[in-house]
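Same chain, two partners: subunit A is paired with subunit B first, then with subunit C.
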Partner chain A sequence: MSAATQLSNTAVLDTQQTRAHQAVVLRLADSCLILAHRLSQWCGHGPMLEEDIALTNVSLDLLGQARLLLSHAGRIEGRFDDGKEGRGRSEDELAYFRNEGEFLNWTMTELPNGTGPHEDYGLTIARNAMVAALMIPLWEALASSTDPELAAIAAKSVKEARAHWRHAGEWLVRLGDGTELSHARAQAALDRLWPYANEWWQTDRLEQQAADAGIAPVLASLRPQWNERMHALLQEATLKEPRATGFISTGKLGEHSEHLGFLLAEMQSLARSHPGAQW
Partner chain B sequence: MSAGDTERPVAATSGLPPGSIEEARALIADIPDPEIPVLTLEDLGILRGVHEEAGHLVVSLTPTYTGCPATEAIRDEVERTLAQAGHVGAQVRLTLSPPWSTDWISARGRRRLTDYGIAPPACAAGDLPGQGEHPGSAQVIRFMPRAASLSGVEATITCPRCASPHTEQLSAHSSTPCKALYRCLTCREPFDYFKPY
Partner chain C sequence: MNSSQTPETPETATPPMPLWEVFVRSKQGLDHKHCGSLHAADAQMALRMARDVYTRRQEGVSIWVVPSSAITASRPEDQGIDFDPMADKVYRHPTFYELPDEVRHM
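Coming up: the complex of A and B.
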């Protein structure tokens, strides 16, 4: 192999790695953003004032995390051409001017807050618990990422994820170990959401490349910690762990459920009607 | 960024007048928090440093919560204050690492919070009782109490009005994302509690 070929191979590898780097940051950013938007839809609809405030608080945390991650993803994008920091897209361009297929959030985060016309608090709580049970070990691992910016975001965010876990966990216990009706609805919510966790445990090339570079762990490596957390919580909540299924969603690959388009239409309408608007 | 700035070509080579960093720091330290105006930026512990880069002031601030809407208001206020004091081209830099903690709120800040009617945060570092992340480690208020599984004890939060330690949490979320709503069982007054972070 000539020196020139070697050099260009290295460049190709670097570009691939930068793309993998951006992809894992975007998957995380989009998951935070989309779940933040779903939770914001509870604003004014919470089952009681305190919970209305609690959910919008959780939403605000996730939005803050999404903003830091999106800005970071934009800066990584700026390196695509020449390996140097350059101008990639801004957080707003990434949030408001990408289409459905360009979003890389986990499908679980885009599912509506209920089934049918009604919101279901049990479903929101079960989802928040399942996501937080992943985010805690994920942020903990990211805090020692080879990407210092990502590590700094993680060290802050893990504190917030712990508070989200506590909030959702307390409610899942309250609902699961509550009345016959609250128990049945919490169990139904879990049964509905459980298959969507499978997406996390599927490792693709991008995730593997980012892991090889020490940027982010493959999510599958966090599965034992996730299982342990959920197992303890479900026991306390007197809920049954749903049976494993072969269903695998593909949101992180940009292939989404029918729900994301509607969510984006709502979330992006203001920015697209008035591009560049400021207040 | 500031090196290429053409507004102050003289300062870019000769540096700032003596004492201006200290003077700027004192100005910024006294800026009140927009959300809890009894606290200054210094009390909050978010002012990490002021230094000079190529003839311009650079202020490092640590954001509190990732989603805190006050962060941008604070940044704008710092820039406005410095501009008014004649520091053209001063820059504010947000430094995420190390992450801010409520443990950085100064002793004076904690006294001011209490006087204002907000109970200051308990220690955030380490595992205090009631701050464990697992729901089983703290008392879950249930529809149907189940005494056997209640294992943890909440940290004692003192009423900022009557100093009674007999208080209870009404809601983990209150007037702003950083506070919880409590009630004093002695004087019966509700109050905000600044949550450890």
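Coming up: the complex of A and C.
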């Protein structure tokens, strides 16, 4: 029995649950896609040739994950009405022809690579570390999802996430435990990004429903593992854990910062100018 | 190839990172082969960079990095002395042996 058939026999019957299923897959897909795009903006601008290639590899890993997840989200969408496959949107339609409010990525992933007009490698690296510290336990949990396709994507992706963690973690230690300037900038980057992690720990109805069906864990359940990872890393990097705040971003609900619109304008313009173009 | 010869521009005020030679084993049982060089602050960073620069298309199963400064090379102007005398010593090739099929990579 194919993975798809198995799904259409079981989890699919309840439309409500299907919507929750699609929402958690899309949140993950969009977060991977938007972060991939942000990192792609460094391509050709990296601090050194070798690192330029390394970061572009991270970006391409995330884009690959996003493609698998978006295609999957499209197939789940196809089951909304009558439980049959095949009438949901394609990965390209989802990536290029949705508007800002339909994107469900975590706000942290859409923030610019620096503050103001300046790119900041410290911020880029700190964000990658924070995201990878979540993705590792998340992919590990998803590897035993009741959704076999999601489980397969997770099994492949967890290795990439571990490489991302190693890349960002080692750089954060070098920056934090480096010069006075690199330390100050790494600390400022952390202080800026830290409040955006709060979004992960807010559980809404969709996330809870998907968790009840064994599709994906609520992110809040991964918080202890995330804390432990980040705590150990920050200690090694001689960086201070920023103070907790009450700020909660809402990207995963489709309410975004002022930055996503500009990002989408850049990312989607080609596909919208030449719909259906192939190369 | 050696960046210390590159004239310094205002943007590259920090000293260039040392150069490393990268050797990649393409599969188990084969030798590590030299595939290029890169800049990195230390051995660990060189290894990570080598992974991203030289094995991202599945070229390898193992990587060595060696500081370029640790390599002593023969001088190009000595080529005549070093290598030309070997040109007419065919008797040094064991061409009269028959290799069993089981012996590979020779």
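Going forward, the second predicted complex is superposed on the first by the 266 of 279 C-alpha atoms of A that agree within 3 Å, B and C clash if a C-alpha of one lies under 4 Å from a C-alpha of the other, contacts with A are read in each partner's own complex, and residues count from 1 in each chain.
In the analysis below, a contact is a pair of C-beta atoms (placed from the backbone, for glycine too) under 8 Å apart; a residue touches a chain by one contact, two chains touch by 3 or more.
Computed from a predicted structure; not experimentally measured.
After the subunit A overlay, clash or fit between subunit B and subunit C?
After superposition on subunit A, which the two structures share, subunit B runs into subunit C.
When the two structures are overlaid on chain A, which partner does A:Ala141 contact: first (subunit B), second (subunit C), both, or neither?
A:Ala141 sits against neither subunit B nor subunit C.
According to the stated criteria, A:Val173 is in contact with first (subunit B), second (subunit C), both, or neither; which is it?
A:Val173: touches subunit B, not subunit C.
Comparing subunit C with subunit B, which touches more residues belonging to subunit A?
B
Between subunit B and subunit C, whom does A:Glu50 touch in the aligned arrangement: first, second, both, or neither?
It touches subunit B and subunit C both.
A:Leu193 contacts which: subunit B (first), subunit C (second), both, neither?
Neither subunit B nor subunit C is touched by A:Leu193.
Applying the document's definition of touch, where does A:Ala151 land relative to subunit B and subunit C: first, second, both, or neither?
Once the two structures are laid over each other on A, A:Ala151 reaches subunit B alone.
Identify the residues of subunit A that lie in both the subunit B contact region and the subunit C contact region.
50, 53-54, 57, 166-167, 170, 174
Which stretch or stretches of subunit B touch subunit A in the complex?
63, 65-69, 96-100, 133-136, 138, 140-144, 146, 149, 170-174, 177, 181, 195, 197
In the complex formed with subunit A, which residues of subunit C make contact?
Residues in contact with subunit A: 17, 38-41, 44-45, 48-49, 52-53, 56.
Subunit C touches which residues of subunit A in the complex?
For subunit A paired with subunit C, touching residues are 48-51, 53-54, 57, 166-167, 170, 174.
So in the complex, which bits of subunit A are touching subunit B?
50, 53-54, 57, 60-65, 67-68, 136, 148-149, 151-153, 155-157, 159-160, 162-163, 165-167, 169-170, 172-174, 177-179, 182, 232-233, 236
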